[in-house]
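After this come two complexes, each holding chain A, first together with chain B and then together with chain C.
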Partner chain A sequence: MQPAIARRPRHTGARLFVQATLARTYVRIVGSLREPTWMLSDAIFPNLGMCAFVLLYRALGAPRAYEALAVIGGVLTTYWINVVWGMGAQLYWEKQQGQLQLYFAAPCSRLAILSGMALGGLAATMLRSLVGVAIGLWVFHIQVAPFSPWVLAGVFALTMVALYALGMTLASLFLLYGREAWHTANAMQEPVYFLSGLYFPIRTLGAVGSVAAGVLPLTLGTDALRQVLLGPTAQGLLPLGQEAIALAGFGALFLWLAGRAMAYLEALSKREGRLTQRWQ
Partner chain B sequence: MAVTLGTLRGSLARARTAAWLGWQVEGNWADPVLFAIYVLARPLATALILAAMYGAVRGAPAGAPAAGGSGSGAPAAVFVGFYVANAFHAYVNTVLVGLGWTVFEEREEYETLKYVYASPVGMFTYLAGRSLVKFALATISMLATLLVGWFLLGVRWDWAYVQWLPLTVAIVAGLASTLFLGFLLAGWSLVLTRAAMVVLEGATLASYLLCGVIFPIDLLPFPVRWVALGLPFTWWYEALRRFLAGHGTPGLMQGFTDAQVLLWLGVTTVSFALLARWGYFAFDREARRLGRLDQTTLF
Partner chain C sequence: MGHSLASVPAVETRDLRRVFKRSRGSPEVVALAGVNLKIERGEVFGLLGPNGAGKTTAIKILNTLLYPTSGEARVAGHDVVREPGEVRRRIALVSGGESSGYGILDVRECLWMFSQFYGVPRAEADARVDQLIAALKLSGLAKTRINRLSTGERQRMNFARGFVSDPEILFLDEPTLGMDVNAARELREFVLTWTRERPGRTVLLTTHYMAEADQMCDRIAIIDHGRTLACDTPAALRRSVEGGQHVELEVLGVPDGLAEVDGTPVTWGAPHPERGTHTMKLRLADGGRLPLVLRALDAKGVAVRGVSTRETSLEDAFIAIVGRGLDESEAPS
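For the complex of A and B:
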């Protein structure tokens, strides 16, 4: 006798990981498309700050190459904002919505969920960052040097892996905290823009810039992408090859750290009863 | 008379209570030192970005300046003006936009907006009390930015050129317009649901761009320039540059005398005060009609 409902095969291991990742990616992309106001804010707002900084360069009579530096930095803020608010603070949002416990009741790896969030966030943000590119090209008429699209794609991919792996690590940290998560995410905007030299050559910061490059993947990623797109006028910090290797190292380090941090902080949050605690 | 004094005393007591509550809401999650770091991190970082950009331009090799630029190596006084305006922009970010965030947090995050309405304090007095804390935070932020500029970055002005009376008038008018527009934005946030988040964030960034905080409004496209001239903050920042830093913005603003700048600051402030008074209560009525006061749509 046939059962009324056919029993579905149970997926485990790598297959479950991939399926959970794809499922979370789907939710992230669909979710980001369902709220038109958020699409608008993600696409437009990071570029308003960039416009102000480009106009400051014009007011100061800076060489045109500086405007291009600021535009590339402005485009990268779109990704950084997504990493901080869409990755780092995401589990805080989930906690506030009262559905964080569902993540932990699911039979899949937490890293699969985080990976899905990263992939979905990256895909959605790539579309929105095109607005910044369009403003740079057609409003400010920035000029780029001849470049290899393959090198650009490679450096961009390394930068994104490092950034979103950092986001996965931040998500684990924010799991433990309540309002601190909100304030920390806020504090990780302009200070990181400064330390990453998003709107000026990182060399301007001297030793501080070198230290920042050793800690923040955004600093190296910004510098590497500028070197690809602007050539010598980018005033790069390190040779491009070295920056690419460092970015790959950042990616591997943060992916490893995300797994460790998630396991540790999940246990700690459960022990302290903070996993489902809202408004703390 | 006794009734008037009693009413005034009651309003002040309610505002004081609301301010105390506001401080508890905003500051009770961390110790004061950590809280100060969080409060100062963003404005100081923005100031450092501006200083680094100026430093980069000064150290840049001579190149073709962009269209509309003032030529290689803009005078330091011009940059001082931008820096001062950026420091005072903390009031717009913290008070104006912060009042809208208050409504958003009370309704969406803490789900306590309906209790504020039901309390004897009332929403309007509650917002006024909360604004006191935000004014205090913005003042700390502004002073810290100016002090860091003065002592660490070399952003200085000649005190002999400071015009104290017009400066005082300008600061009072600027702060008043910040408060009035804050009420207008708070009222709008009452009507909006989760979209309030986007509107508030947008207001923060748009005000930075539209009011010519760090560049002359001449660089804005023509129609946007007229919008900028209609905002009190554009005139406020120009007045601060002239009466504190002793140097106005080059370009379009040079066509206005000091008295005209103050006049336009007064006119736009009064206009927006009237608009805000009407708008806040209109939004309040609309929010009640739509049942938005206890409608959570985000968390």
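For the complex of A and C:
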């Protein structure tokens, strides 16, 4: 028998969670800075739709507030694309790379990995969304006047938590259903854009349309940010306070769902032995 | 759990069984049919078996990636089903041919990232990553992006990943698969040095290379069809099969149907394409009988062009125990 092992202590619990989250965040941020071609697909292209709407409103002589609505919607589109295709598809991609089983064999929480993906995606997208903000402010000269920078920061944070928590849940669903989920997300892209009112006031959908749209965190986040930035001209769907509460609720719900989905997925993986295997 | 690290085996399985259900009414596959293993701390333990023997299934269960269908598996005294977190803190897994890390990261960043998933404190992680990069001759590649590494370089990096958390128990699942001879030798030496310098560290190795198992392992378990057929030191496994001397003769002018010489059965290798000779293989219980065999061949008009002898190898023992070689499939039934 060999002597006992003198092994230095490892971080556990919350400290390990933070450590793993930051490590996974690092990958996303470094990735976005090292691969400038992503700027084109993630920052420039998503803003082309926004530019088209702004130019359309301008050609039609619509109120200037409409241009601001489209710019805010365009900026949020950048995040939405990252949530669905960067965040949602991530675990599926990790599986195809053969890396998922390394995560499942590591002692850190799987939610820490997902949180790192989310935080990294958010940070990287934030840089890219600044391109949209710059186009809005300096190219189209839109005018916004947030009544409080703190409220703006709070609403933005709630929106991001709701969106990226949804992305964390989607990550498990994409992994579980593979290409089917991929195709479904693809098919739902335009309906979601439409119901989110990214490029027009959501109220124009009418009462039923507005209620339907209200179940999407993207809709509520877009609407709430418009209310903070544009005031009454945003033609808000619900009072700002209610939207903030709903966004917080969405965030909590999706975080819980993400945890449950991940736990289910891991149990399924261990039972059937195929989810962590490449090409299965 | 309060286990004294040295008082419990590194790995222990009892009647470990895993059955995979197939869809559409296909028969189920029994990957493990009751495997019993006990690996002590500080051992380099080999798991040998033909393709489909159940090695990787066993490794996955021990790494908390699969549930066993029945039976029990404990790693460092912790049950892999009930205490997966405790198990994961103590282990690391390296599979040959896997691709770990992100192409956008460089080698150093990738190793650091994995150290963080295991909770290695920052300063210790930095120092260990530097040590591993130097020890595995990755210094010149430390700042190279992973997607620019060759396959061999990437395998070395992947190998280094297994050590960043300084695990108590390291699982190496065919770690040198596809590596060139020199790189594989260096990695074997690295593992042996690692275990020597850290008494109590345990390695469970599966490999397709008999020489690798023979060189590295303190003990070897041979499994097939999900069952442990033998478990002992390489020397004892060799001794366990009928001993004697293996003789290979390069001969010319072989009469048709020659199946035995002086009462000793012979097998034949492929003919030499240029010299027109054949390789005759036979095992002599007593090496002193070789001159008698040579005389008998001479009497039959067979010319012997070359003679080589060797002792019973681990491969011989494996074939004797399993009934076929590592890469041979079973005869169709």
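What we mean here is this: the second predicted complex is superposed on the first by the 250 of 280 C-alpha atoms of A that agree within 3 Å, B and C clash if a C-alpha of one lies under 4 Å from a C-alpha of the other, contacts with A are read in each partner's own complex, and residues count from 1 in each chain.
The rule we apply is simple: a contact is a pair of C-beta atoms (placed from the backbone, for glycine too) under 8 Å apart; a residue touches a chain by one contact, two chains touch by 3 or more.
Worth saying up front: this structure is predicted, and the values here are computed from it rather than measured.
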Touching A:Pro191, do we find chain B (first), chain C (second), both, or neither? first
Should A:Glu180 be classified as contacting the first partner (chain B), the second (chain C), both, or neither? first
For A:Tyr103, is the partner it touches chain B (first), chain C (second), both, or none of the two (neither)? second
Could you look at A:Glu67 and tell me whether it touches chain B, chain C, both or neither (first, second, both, neither)? first
Is A:Lys270 touching the first partner chain B, the second partner chain C, both, or neither of them? second
Return first, second, both or neither, reflecting whether A:Tyr26 touches chain B, chain C, both chains, or no partner chain. second
Would you please give the residues of chain A that touch chain B in one complex and also touch chain C in the other complex? 35, 97
The answer for chain A against chain B in the complex is residues 35, 37-38, 40-41, 44-45, 48-49, 51-53, 55-67, 93, 96-97, 178-180, 183, 186-187, 189-191, 193-194, 197, 199-201, 204-205, 278-279
Please name which positions on chain B make contact with chain A in the complex. 29-30, 37-38, 41-43, 45-46, 48-50, 52-57, 59-74, 78-79, 82, 109-110, 194-195, 197-198, 201-202, 205-206, 208-209, 213-216, 219-220, 299
Quick one: which bits of chain C touch chain A in the complex? Just the residue numbers, please. 4-6, 20, 40-42, 57, 60, 63-67, 85, 88-89, 91-93, 98-102, 104-105, 109, 112-114, 116-121, 124, 145, 165-166, 168, 198-201
Mind pulling up the chain A residues that touch chain C in the complex? 1-5, 7-8, 10-12, 15-16, 19-20, 22-24, 26-27, 30-31, 34-35, 97-99, 101-108, 113, 269-271, 273, 276
